[in-house]
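Okay, so here's the structure we're looking at.
Think of it as A, B and C in the order they're written, each chain with its own count starting at 1.
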Amino acid sequence: MLDLQGIAKHFGGVHAVDGVDLTVKRGEILGLIGPNGSGKSTIVNLVSGLFPLTSGRILFEGDDISDLPSHARVGLGIARTFQNIRLFGQLSVWQNLWVAQNSRQQRQEVFFKRWFGGSAGVQAEIERTLEFFDLAHKRHELAANLSFGEQRRLEFARAISARPNLLLLDEPAAGMNAEEVDQLDARIRKMRDDGFTVLLIEHHVELVMSVADRIAVLNFGRKIAEGPPAAVQDDAAVREAYLGTR
Amino acid sequence: MDLLDLIDAAQSVADGLLFGSTYALLGIGFTLIFGVMHKINLSYAAASIGAAYGSLLLLSGFTAAPAVIVFMAAALCGGVIGALVYFIGFKFIPVANPLATLMSTVGLLLLIDEIIVHTTEGVPLAYPALYSDVVVRLGQFMLRGDLMFVFVLGCACMVLFLLLLYRTRLGIATRAVSQQPIASQLCGISILQVNVLTFVVTGMLGGIAGAMSGAAIGMLSPLLAQPLTVKGLIVTVIGGLGSIPGAIIAGLIVGALESLFQFLRGVTERDLYIMMLLFAFLVFRPGGIFAKAPGRD
Amino acid sequence: MDFYLGLAQVIGVHTLLGLSAYCVLLTGQVSLAQAAFFAVGAYVAAILTVIFKWHLFAALGVSAVVSGLTACAVGFPALRVKGLMLVVATLAFGEAVRLFFFNFTYQIQAGELKIGPHGAEGFRQIRYFPEHGWSTFDVLMFIWLMVAIVMACLWWLDQSRAGAVMRAVGEDEVAAHSSGINVTAVKVLAMTIGGVIAGIGGGIFAHYTTHIEHVQFGVILATFAIAYPILGGLSNVFGTLLAVIFIQGFLIEGLRFLGDWRNLLFGALIVLAMNLRPRGFLDAGGVASLKRMLFAGKESSGA
């Protein structure tokens, strides 16, 4: 579904991502881990189109999307969350989801209805999402007034609103307590069962090991291992990257 | 264009370059406040003019105080006004509301201007200039003594200021706050102190710039505040926000261009070209003269 | 009585100007070019009615379109920059437009007189209203009808998804981009709508003052344009109206008895207002509590 072919991103002399090949298959959860500064978040930013590539290609469903702007990629079905939450603080929870409805099907609605009407179908979809993320009782609250956990959930919900096929989750468990991590685990599994494909960037190794179908490991902007969780755990190069050489 | 015109054009560029040092000082002030606060202080140029007025007021008891004293008094007033501006327009407005600070500095701009109009009844005041009778001749070419004095003074202030910023603890603290506010707080730097001192120091620079423009023009008028604000902002932006060398060079360039356009197209069209140039510059080179490649964030 | 009618006219026209800036501010951009769009509207409408003898409504329509197109044309390049850069870029554009009119002369012979804009002297004899028998009251009604229409449109826009999208862009451009919003298109559109509103306002302004010149459209007017919505608060259109009434009605006219001191108080009160209510008179919290008071118990659906 998503094919990264030798992508690289250099910031001046810093090679944040340095020639990574990675494939995300339809319907899987691919965990992407690595020590701090290994280029994980940069990959999310490259795939979602916040930065231009230095070299390489990004294919989505077989089409080259390397030069598309961010918003067009959302239209094709790639949505993301941010590691440091970026909600629309002065918009209500409901509006946060409303403005994010930008998938291809949603764009095909009649112009007037899409921008100025609040159709019943749209309402129902937003309500379903709110329900799933346990935010329905907060629908009129301003996003800025939510608690940290609620803001994380809303960010997740907003990404879902664009009906993506591929979800990029950038450290969704950062700052969560054990109970919230469990809920998140359950939600991600549920989403896979509903047909989403997920690229999960995470520091929380337990969560990744538990939820991911496959795991890729980055270090210094390069991929050093890839495979099922158990195999990656035993990989010598991975141990070395995390624990250092002896 | 024959030779004589060419000499005249060069002459106007030279005059403009000399006067441009005023713009450079104002640009440094705008840039430094932006660097530390990440906010614009639109009242800065008005405060500078206010400081120049203040110096006249301070010395009104003495008859014909020497110009050097006047300049020092202007710097002093500038510092005091700078601190006042910080406490009235910045201190108590939440950081998350840049629009509110913008508006409060607009309010201060109007307030300072009106205080000047009120105390002087809107009449322009003569301002003492140094060496106004000196003219250096180089063949066809001449350099006005008062402008040269302004230029030399401006350069001296810049050198002093750069020494302050790069050689003293205060300067290092200021730069630390402008780069990493939270980290510098953790290192024991008091943000409040740095902010106040920044406003005082930039206020002093502004006071000198105000006095310099008064001396170069030969008089002070509240009507100077608005054009100086606009020119100061232009210089700040052309130089690249937060770049001090950029502000200096941009100040000189704007001064020279202004004078050249005035010579070529007359005073009514002068600023039209400056503005169009600026707009083009901003749009196509938004990082300023010394733009760096975009960083990681 | 005429005094109050005149004041009401000023408030109406300035509300249009403020609303044009409101629209742009929603997307998080501070534009000091609104006075320039206002000037374009004023000159275009006045030239059409005075020199080409057009009907006022047609002239206003054209001035709105021309202003909107100008705003759109400025929007594309100017929106490459943000924050302070945008403030200064739009300031430069605004000043360039003002200085263009400062140097702009286009006159025709009409009987004894030469009419039309004449450089620094400005454009005199815009006598459409007296020539067509409009009383001051008619003019006032017309102005407020336009204000009401524009406010209603913006109110409606605010309630719609389009309004929410504009606010989302103003809140966080990166997040908006990553949520699939075409940020550039939204910003240029907001600028264009702002230009259209300023064009209408400017056209009306030219006709009731009967004399326009470049100094009226300087930095001060541009600053006022953004001051109204910022002071009033960006949570809805009534904040802007409130701020215009506060500034034009109270600070400028109401305090006239203070003579010279009024101007001093003017700046001080703006500073004070921003210290006390940094989000404007009508902020989101204030609106929410107002709503609770008015519609207690009832839950509003949707947005």
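Convention: contacts are C-beta pairs under 8 Å (C-beta built on N, C-alpha and C of every residue); 3 or more make two chains touch, one makes a residue touch a chain.
The model shown is predicted, which means the values in this text are computed figures rather than measured ones.
> Just grab the chain with the largest centre-to-centre distance to subunit A, centres being mean Cα coordinates.
Centre of mass proxy via C-alpha means gives B as farthest from subunit A.
> Out of every possible chain pairing, name the one holding the most C-beta contact pairs.
After tallying contacts for each pair, the winner is B-C.
> Pick the chain whose C-alpha centre of mass, unweighted, sits closest to the average of all protein C-alpha coordinates shown.
C
> Suppose each chain is reduced to the average of its Cα coordinates; what separation in Å results between subunit A and subunit B?
Here subunit A and subunit B have centroids separated by 47 Å.
> Rounded to the nearest whole Å, what is the centre-to-centre distance of subunit B and subunit C, using the mean of the C-alpha atoms as each centre?
Going by mean C-alpha positions, subunit B sits 31 Å from subunit C.
> Centroid from C-alpha atoms only, then distance subunit A to subunit C, rounded to Å. What do you get?
That gives a centre separation of 41 Å.
> Any idea which subunit B residues touch subunit C in the complex?
Going through subunit B, the ones touching subunit C are 34, 40, 88-89, 92-94, 97, 99-104, 106-115, 117-118, 226, 229-230, 233-234, 236-237, 241, 268-269, 271-272, 275-276, 278-279, 282-283, 286.
> Hey, which residues of subunit C end up touching subunit B in the complex?
Residues in contact with subunit B: 25, 30, 77-78, 80-81, 84-85, 87-89, 91-93, 95-96, 99-100, 102-103, 119-120, 218-220, 223, 226-227, 230-231, 260-261, 263-264, 266-271, 273-275, 278-279.
> Residue numbers of subunit A touching subunit C in their complex, please.
48-50, 69-71, 74-75, 79-80, 82, 86-92, 94-96, 98-103, 114-118, 123, 140, 142, 158-159, 161-162
> Within the complex, which stretch of subunit C touches subunit A?
Going through subunit C, the ones touching subunit A are 156-157, 160-162, 164-165, 167-168, 171-172, 174-183, 284, 299-300, 302-303.
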